[in-house]
Amino acid sequence: MLPPNAPSNKKKIINDPLYGFISIPDDLIFDVMNHPYLQRLRRIMQLGLSNLVYPGAQHTRYTHVLGAMHLMTLAIGVLRRKGQEISAEEERAARLAILLHDIGHGPFSHALEYDIVHGISHEEISGMFIDRLTKIFGEDLRRAQLIFSNQYSKPFLHQLVSSQLDMDRMDYLNRDSFYSGVSEGIIGTDRLIEMLSVHEGQLVLEEKAIYSVEKFIVARRLMYWQVYLHKTVVAAEYMLIHALRRAKYLAQQRTRLFASPALELFLANDVTKEHFLNDPKYLDAFAQLDDHDIWGAIKVWQYHEDQVLSLLCSSIIHRNLFKIEIATHPFSPDRIALEKEFVKAQMGFSSADVDFMVYHDLLVNKAYTQGKQSIMLLNKYGELVDLPRASDNLNISALAKPVEKYFLAYPTYH
Amino acid sequence: MLPPNAPSNKKKIINDPLYGFISIPDDLIFDVMNHPYLQRLRRIMQLGLSNLVYPGAQHTRYTHVLGAMHLMTLAIGVLRRKGQEISAEEERAARLAILLHDIGHGPFSHALEYDIVHGISHEEISGMFIDRLTKIFGEDLRRAQLIFSNQYSKPFLHQLVSSQLDMDRMDYLNRDSFYSGVSEGIIGTDRLIEMLSVHEGQLVLEEKAIYSVEKFIVARRLMYWQVYLHKTVVAAEYMLIHALRRAKYLAQQRTRLFASPALELFLANDVTKEHFLNDPKYLDAFAQLDDHDIWGAIKVWQYHEDQVLSLLCSSIIHRNLFKIEIATHPFSPDRIALEKEFVKAQMGFSSADVDFMVYHDLLVNKAYTQGKQSIMLLNKYGELVDLPRASDNLNISALAKPVEKYFLAYPTYH
Amino acid sequence: MLPPNAPSNKKKIINDPLYGFISIPDDLIFDVMNHPYLQRLRRIMQLGLSNLVYPGAQHTRYTHVLGAMHLMTLAIGVLRRKGQEISAEEERAARLAILLHDIGHGPFSHALEYDIVHGISHEEISGMFIDRLTKIFGEDLRRAQLIFSNQYSKPFLHQLVSSQLDMDRMDYLNRDSFYSGVSEGIIGTDRLIEMLSVHEGQLVLEEKAIYSVEKFIVARRLMYWQVYLHKTVVAAEYMLIHALRRAKYLAQQRTRLFASPALELFLANDVTKEHFLNDPKYLDAFAQLDDHDIWGAIKVWQYHEDQVLSLLCSSIIHRNLFKIEIATHPFSPDRIALEKEFVKAQMGFSSADVDFMVYHDLLVNKAYTQGKQSIMLLNKYGELVDLPRASDNLNISALAKPVEKYFLAYPTYH
Amino acid sequence: MLPPNAPSNKKKIINDPLYGFISIPDDLIFDVMNHPYLQRLRRIMQLGLSNLVYPGAQHTRYTHVLGAMHLMTLAIGVLRRKGQEISAEEERAARLAILLHDIGHGPFSHALEYDIVHGISHEEISGMFIDRLTKIFGEDLRRAQLIFSNQYSKPFLHQLVSSQLDMDRMDYLNRDSFYSGVSEGIIGTDRLIEMLSVHEGQLVLEEKAIYSVEKFIVARRLMYWQVYLHKTVVAAEYMLIHALRRAKYLAQQRTRLFASPALELFLANDVTKEHFLNDPKYLDAFAQLDDHDIWGAIKVWQYHEDQVLSLLCSSIIHRNLFKIEIATHPFSPDRIALEKEFVKAQMGFSSADVDFMVYHDLLVNKAYTQGKQSIMLLNKYGELVDLPRASDNLNISALAKPVEKYFLAYPTYH
């Protein structure tokens, strides 16, 4: 294994539309980036179906993790400049931790996380991939995993990877805003990173960052409701979820379905954590899955003889998305039953089929989380203040209250 | 007088770093822009002394009014597209109203508004200038003035010029952010303007604009405390105010002072509204005043024999700004007296002199104003909702409570 | 059919990272955009495999045609402002012409244009699609096609769609620069469009545009060599071409290959123009093809038993791209033979197999084309000047000479 | 004197609209920046009268030197990363050299350099200021001066300060483009700096930079003709030059003229290099001069009884700029005489007066200089190639030929 920062001939500079140049700091990181597990993220869109509403939002998880790693490098530079000791090994491990943090995501993770597999989260799958990579790349990855799982002796390194101020969300808010064209979501990462500090081992912000943090949280809330939970995107995601559920249901009834070999495995079986633990072929197959498996199947399924499946798939492909209504209170059982009756009557589906076509659920977003994970501000006397108490008036506390919205979605051509 | 939009050979395109090209829509507007009263704004910085903290913030009031006029053109286009009738004459008048809205500002208006003249506001001086221009350019300017003073039959035109959502603040927030480099202040003007609408003659926003408005208000608050009321800027402004007061005091005691003829008139006399009303020479002289008169004087005064004046002026020029402390409660009379005693003792000034060098005051900003001027949102049922009630949780209400900060500033070289 | 610009309730605004908001000008255009033929372009990347070098370059042909249509709207506005008469019907037709100009592209068109089908260009396929759409949407599309094929009475409308200064290349240069992060390719479209004019029915530029045009041409050349013909991209494209050729060769020998039904048709047959003319199923199948068919196949083929196919596919997927050398003169037959011998000897392939793995060819780019298509400048006396003659010195002429580069590419693991 | 990079409490971060944050690397540099000689540059516009055409172009020489220092920091980082040894002292000196390189500029330097003083260049005045600063700040400034005057042992450090690829022009091209809104002038400084290298002590570029350099040179040429030598700007500058010459002529005839004490000294005397060498008061006075002295005088002089002076000054203030014609050949003596006769006849001036109002001259710009200062490219074999030879075709050679334009300017109200 090469020591960090050893000289090398490998291409170390990547163009990024947001940050200009991203330097790839050392050869080990370069090699991890080129491993198929990471290259797979080139074929998974960061925002899934959001491009149906924001057609520019075609950026991949791969560019996101590169961007987050770049911000990590900047943050470590700032903390060192303020006197925090961070060794070259710790720096490498922190970069690896953020580079690998999303490696367990499947295609359309936001929508499909709990439908492709059951009872296992993307974080657990990330852990399994990192275990395998550790066997190849050695000790540095173990240290990365300790940071990732908050078992490393310096908690601020974990907080740079995962907290309310981590490099992950700084990059994704900026990147999602940039590519979607919702420019109001753009945040001042330079300024926020410049004001990071470490106090008794914890990541904190200098007090003067207060207005920037407030704006960061408001921007994040805006992105949730304007992009991530945009009602048209939600409708499309629920259609995709139900197309996949229908395909699984058909596959498990031995109906023939076009699918890549990897996708076939997950359709034919209800794959759970047990499967992953007991047979490596499940993780191998998961490592093959990306957006192309899903789109490739959906495209062919629009001509399937099962009318539920073909309706869902052709509606997605042709962007004939279901109507979706939003309300502050739950839709009544009567209203939902009424919509189902309509669909049955007009389109000739059975009651069981209709459950694949009328959806209702609750959307929740909390812009800021209070409590143990509070963002802490460091004032000029070296005292810590919790963000809501530091903030003028009540804004931040207000932002910490979850916003809840109920929806009801259904086909319109009845 | 030419009709609006008549063909012409005049140069009608101006490069603007923010908006790209600004078209000058017609010859009358072109001619008004070239009148010396408006050209004077080329020599008045929008942000006064803020460039002592943000050296890029050198933009002029002239570029601001051009930018605001450009946004007015966009806004009128949007409202027309939504079915609102606006005649060519009304469009021209609305553009003129915003073009002229700042014409009464003097140099360093934020700091010096009440020290160069007394008992007359910049709005009243604007009115006097517009009266004179109306005699030259005719009826169109009268209509502009009706819009400006909210006496025109379509209140939304006035609200585009002056309200919590006017084109004035949309441009200045964007422009001040852009030039200062405080990029967090940048707002999505395109999106906000796109969501403007008119309901029963009043300017409103479509309901889906809610997160954008929230972010607009938070950005505005950030700009206040980060730029406009930045403590170092406040210190510099109070030094400038007191330098001018001292110069006036000296001038009225017949002490010889270097000054341009126009500035001399305002130093030698306590010019009030009466002067303006009774003798045109005061408005003539005001029309000559710009930043160069002030800086030109300050530069020479740093060598004046009056020690108070020379100390203040040389400190401004050399950027040796006074120390300033900020607190949430007023500074006690004892503390203030103590600072004054120090200055007296260490620097050898009299009690009267010291009042020109130790300052304390209250800074207030309210990000959002509730009540009659509330921003109104139009929902899909065509009903109006007040912004705070439409907003999830309590944020907007919180932003409507004024933030107050007390300061104490004094020289440090004692 | 609705008249142009009739009122409508359809969503008419799309966020674009480059231009902010793109307005969809009328309902007919809105409906054409939503037709599956155009929606297919959402699933075809503009730059094919360039994202292997520039990972941000994931933008689709769909966003490109929207952007080009937006620039068309701006250009028509400028020409009208300068007195050129353009009717509402002509405007609609010109927008449709540019919206549809790329509709015949297949996946990875730059690489695969002549391998998926034979003897038929993407322009001819576009024409066939437009014919079908004309049957659905009527007369307006016929007019668009006349403009597209330069048979309309106003040649400048065609030149806005297709010439050395067309809205197509203005958008793609800007968009490709923006997404790839090669910011030097960004051009001043606003300024260039602002200086467009019409002289005796032809599209020209005002003379003062000369430096902007020069810069536009230099930017275009830079984009060719830095992005479009980047040597790593070329290597990847030739690998993809040969993977597809191999798959076709295998398919036509009745070897079983995973493929979507649409791709299967083009693998199993050498589809030519005749096929398209004689049987609608070929155009139907072509309308199904997009990047997912290709990636979906490549991913599965990396495990195919044919070693040539599996090597090529797994190398593309894992980004183990072949080594590529560039020279100003052709590589000698001896050198090429030598590389082939190496591959045979080291990797155990036959001579026939090796032709799928060692590539040599010529890359040519001419930044500017002189002659009939010259960019013409209009001077202040109303005279036309050919660009090279107007340009100071010899630059433009120099740019008109083609640059030629030879390459040799081969696997490195031997 | 503090060692470089010693810890300090001084504010070390400045917001810059172009680069985000500029770090002030050490306390010595911080202190030099705060010296009145450098603070004076806050009151001198980088582009003089260009804001009469590009109203956004209000940026100061102060922000330019900060920006250039920032780019120097980036360039040194790149060269070190590529193995070039640069000590902390050398880095500090190189930063100081570029920080101070413009310190000898007076107000409107481009126009007035040879009219405020005679027979002494701004570089010589810079040298005198640096000599004084060296007495205050010590050895580091001496080293900076050695770099500045190319007497230091590492020529590449000088070339970073002054050459065809120096940080000075990289910053000014970018900054002038940004503020003027002529976005086509923006260059890829990140990329160019990333490709810098040192070969045998000389600053070179990696060969792959070739298209970027070509574009850099074309952008520079565009900025010259579009901004720096824009014909309206040239007209205004010649008017200013002649206003000052007229004022000098009057002052030396003992006519009373409003002026600041510093300007008065330069009006009343023909100050030459001898004066600077023999009496420190001339450098002291020069250190007081900035744009305010010139504008302050021009504003008052528009009411002067000398008709030539008042006409020139009021025309500048009111932006009634003279008509200017451009030609590729010199204007004939007859044509010039004719214009002078017109002015005399129509406006009643004497022959001597008219020479202050009719101007003709030659404008020259060479985008690239061949010969000893050629930009050298380093190919992959470690060989140097001169840029024109490396460039495809003839472009660069073409750019090396000077472009010459003749102008004739005269008042239009006759």
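Note that the chains take the letters A, B, C and D in the order they are written out, and that residue 1 is the start of every chain.
Just so we're on the same page, a contact is a pair of C-beta atoms (placed from the backbone, for glycine too) under 8 Å apart; a residue touches a chain by one contact, two chains touch by 3 or more.
From a predicted model like this one, the values you see are computed outputs, not experimental measurements.
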Where subunit B and subunit D overlap in contact partners, by chain label: A, C
Centroid comparison with subunit B (C-alpha atoms), farthest chain: C
Between subunit C and subunit A, distance of the C-alpha-averaged centres to the nearest whole Å: 32
Centre-to-centre distance between subunit D and subunit A (centres being mean Cα positions), rounded to whole Å: 50
Gap in Å, rounded to a whole number, between the CA centres of subunit D and subunit C: 44
For subunit B, residues that touch 2 or more chains besides their own: 20, 183, 191
Sites on subunit D touched by subunit A in the complex: 7, 13, 20-21, 83, 190-191, 194
Footprint of subunit A on subunit B - complex, ascending: 183-184, 186-188, 191, 211-212, 214-215, 218-219, 221-222, 225-226, 392-395, 397-399, 401, 403
For the subunit D and subunit B complex, residues of the former touching the latter: 14-17, 20, 34, 36, 39, 42-43, 51, 54-56, 58-60, 62-63, 66, 178-183, 258, 260-261, 288, 290-293, 295-296, 299-300, 317-319
